[in-house]
Amino acid sequence: MQTLSRAAMAARVAQDIPEGWYVNLGIGIPTMVADHVGADREVIFHSENGVLGMGPAPPADQIDPWLINAGKQHVTLLRGGAYVHHADSFAMIRGGHLDLCVLGAFEVAENGDIANWATSENDTAPAVGGAMDLAAGAKRLWVVMEHTTKDGRSKLARRCSYPLTAVGAVKRVFTNMAVLDILADGFHVVEMAEGLTREALMAATDAALHF
Amino acid sequence: MQTLSRAAMAARVAQDIPEGWYVNLGIGIPTMVADHVGADREVIFHSENGVLGMGPAPPADQIDPWLINAGKQHVTLLRGGAYVHHADSFAMIRGGHLDLCVLGAFEVAENGDIANWATSENDTAPAVGGAMDLAAGAKRLWVVMEHTTKDGRSKLARRCSYPLTAVGAVKRVFTNMAVLDILADGFHVVEMAEGLTREALMAATDAALHF
Amino acid sequence: MIDKRVQSMAEAMAGIADGATVLIGGFGSVGQPNALLEGLIEQGARDLICVANNAGTGHTGLARLMELGRVRRMICTFPRSVGSVVFEELYRAGNIELEIVPQGTLAERMRAAGAGIPAFYTATAAGTQLARGKEVREIGGRTYVLEHALPGDVALVEAWRADRWGNLTFRSSGRNFNPVMAMAGRLTIVQSQHMAELGELDPEGIGTPGIFVDRVLHVPCGDPTG
Amino acid sequence: MIDKRVQSMAEAMAGIADGATVLIGGFGSVGQPNALLEGLIEQGARDLICVANNAGTGHTGLARLMELGRVRRMICTFPRSVGSVVFEELYRAGNIELEIVPQGTLAERMRAAGAGIPAFYTATAAGTQLARGKEVREIGGRTYVLEHALPGDVALVEAWRADRWGNLTFRSSGRNFNPVMAMAGRLTIVQSQHMAELGELDPEGIGTPGIFVDRVLHVPCGDPTG
């Protein structure tokens, strides 16, 4: 069985993003998605800290120390980009102007709930950042994550066990094993990693799967 | 008895505006106030349509057709001025950032109520503009108006008879007869037009006066 | 390539439906999307709810749209401008509905729509007849009125410069309601005096980022008059 | 002559009281008012409520203020940054209070404070533990949480350029929370990399109009590091 690398997962997400979308990418694998949107498509990336039209990381000798993304990495601004303040930036998010947000997650449930900010109710000093705003605000929320935890537990669940980031928000999940849509009746498998059997996918998933 | 001209009323208001205040002037006599703030004092004028740091009317041959005030008159922008959109402009108003708003009025009551937008409950198509936002939002609301209507009725009243613009908002009233502060117990006469007697002022006023 | 520029008025107006709520930028004669209003007259949509600061003047643009019986309801702050003859007559005859909204509340309701805020509290109009029928609440000892977001199906905007991503700059007091309406429109259509190449507009000084804009038509119509 | 420029840090910090709510601009190391934070450490105010995106890093600035026991409560979105060692230790020991707010809600609560909106509804956090104890309401079939304005007694802001009226421009992602906090602060204190003559800043591109600013200190501290 062949599961996808992190880069391949990012590439798979990128494949589904059409030209012209406004997209916000979360930290981790989502950030890598931008590198896989080819030059044939104009996609406009947004960063919570007030950057619209964000471009790739600059070469080390061309870093602008004033220009970072929400992950605090140095980035660039494309021609046509704009800077706004935090309230305007989140107006774009909350107002439903982003076509897509891609986040990582600890868990995604078959009802579209997502948990990606705290691993326990008693977490010391949990950190939420812009995740709740993005999950509730973007037109579409996709999640890209490993299908299981390091110790083999399914990250797709009937119900989330961790504190929620948003209720019923996730529309599509990209894992190293499969792409799944979330519809009213739960997870629908759109495609599977090459060589993976339905049985293996079901065994790795703690929720019902529709094929 | 000597009552004040419109220009003299505007000049009297201007006299009470200290350097550094942010001020919005309503249509009519209030607009004339700006002409009476001397060059010795920097006062920053705001217009609802997104002009902060508004200057005087330009000479006819220097009109910028794109630059008008809330009264739709051509104005200028001082050095240090800024343009903002309507939501930001009213954030300045509603957020209490204006030190002063000066409005005209149909009536001002001894409890600080102001009526300046509609003369009847059944007014056809009454027009409110920014008056309610300004009256409720500015740090101080002053009114400048004739003391009586053309047919001699007092515009200072125990209670307003016309539809209200704002409740308990007026702090000071400048008329052609007197300057009055509104305190918890009603109108307090700060000064009177030269030669005017207390009796004459009381006769012209349909509310109790404290001297 | 993302290209929000359209080449004809017909293309700019495509899809505006009967019954639409149309947000119309401008304050006084400055920053008014006059060409788009003429386009809307031509396009034919009716039973419209129009949102603008004023209720039209003379017999062109918004006033003409009303005169043709295409406006069911007007939401504005100041219908009684000099020259609002068409509106006055329709209103007196009971042939148009009117919702008067304080100017700052109007701007904020549209900003709220654009920013995903369904409702907010404001002190404006508290204790006045414009608060009648609205929920009020004491917060911190002061009385506030609950106001709801006012989204538009369509926003008609005039800009000074625009690029193909739909980034806009405005000129002087031509900014006014335009950026707020651009945010609040589900379909935001712009007429721009000038077009700019991508990258020409200073990213620090863009009045409306392209994310709020759907279509841009180049209309070099010159200075406002009146 | 209006002149909001101050000549010393002591003058900039004058009047900040114990117990004050202090809004602190910046996101990451960009746009942080580091000099003003050092000034606040020197100034001595204690029992502070600090509002910032993060909870300080290393042992300088906000982290140092905490380490000195001067911060009673932290309101932020992301306390757990790399290097938030001081906060983590204080928090674990129960020596500092924490209020976690979603980033957009934090920005909007301050924008609301600056705009005279005492409270607003948002879908952010609805159905999550961050909505616990908060009023919720269905509007148009969706569940929203009521959030309240968050004003500051003081706002500490970093700008790129400033003039004597307090007009500010920002540089690139150094804008972030700064203009929002400038609006929300009852006393807004700015450190600016550069000073401009009145009229030098383009009136179309001012990030924060001077009406929101009380004091400006020229601090040419150079590029952000880290």
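A, B, C and D are the chain letters, set down in written order, and residue numbers restart from 1 in every chain.
By definition in this document, contacts are C-beta pairs under 8 Å (C-beta built on N, C-alpha and C of every residue); 3 or more make two chains touch, one makes a residue touch a chain.
These figures come from a predicted structure and were not determined experimentally.
J.: If you tally the C-beta contacts for A-C and for B-C, which one comes out higher?
T.: If we tally the C-beta pairs in contact for A-C and B-C, the bigger total goes to B-C.
J.: Could you work out how far the Cα centre of chain B sits from that of chain D, in whole Å?
T.: Spacing between the chain centres: roughly 35 Å.
J.: How many angstrom lie between the CA centroids of chain B and chain C, rounded to a whole number?
T.: Between these chains, centre-to-centre, one finds 28 Å.
J.: Between chain C and chain D, what's the gap in Å when you average each chain's C-alpha atoms?
T.: 33
J.: Of all the residues in chain D, which ones touch at least 2 other chains?
T.: Within chain D, residues 108, 111, 115-117, 122-123, 170-172, 204, 207 contact more than one other chain.
J.: Specify, in ascending order, the residues of chain A that touch 2 or more different other chains.
T.: 77, 83-84, 87, 90, 93-94, 137
J.: When you draw the chains as points and link the ones that touch, which shape shows up: line, ring, star, complete, or other?
T.: other
J.: Would you please name all pairs of chains that touch?
T.: So the chains that touch one another pair up as A-C, A-D, B-C, B-D, C-D.
J.: Per the contact definition, I'd like the list of chain A residues that touch chain C in the complex.
T.: Within the complex, chain A touches chain C at residues 19-20, 22, 42, 44, 46, 52-53, 77, 79-84, 87, 90-98, 137.
J.: Could you please specify the touching residues of chain A with respect to chain D in the complex?
T.: Going by the criterion above, the answer is residues 47-51, 64-70, 72, 77, 83-87, 89-90, 93-94, 121, 124-133, 136-137, 163-167.
J.: If we count contacts the way the header does, which residues on chain D are in touch with chain B in the complex?
T.: Residue list for chain D touching chain B: 1-2, 111, 113-117, 163-165, 167, 183, 198-199, 201, 203-204, 206, 209-212.
J.: Under the definition above, what is the set of chain D residues touching chain C in their complex?
T.: Chain D reaches chain C through residues 108, 112, 115-123, 139-140, 142, 144, 148, 169-172, 202, 204-205, 207.
J.: Which bits of chain D are touching chain A when the two form their complex?
T.: Per the touch definition, chain D meets chain A at residues 27-31, 55, 77-81, 87-88, 91-92, 98, 100-105, 107-108, 110-111, 122-130, 143, 170-180, 207, 223-225.
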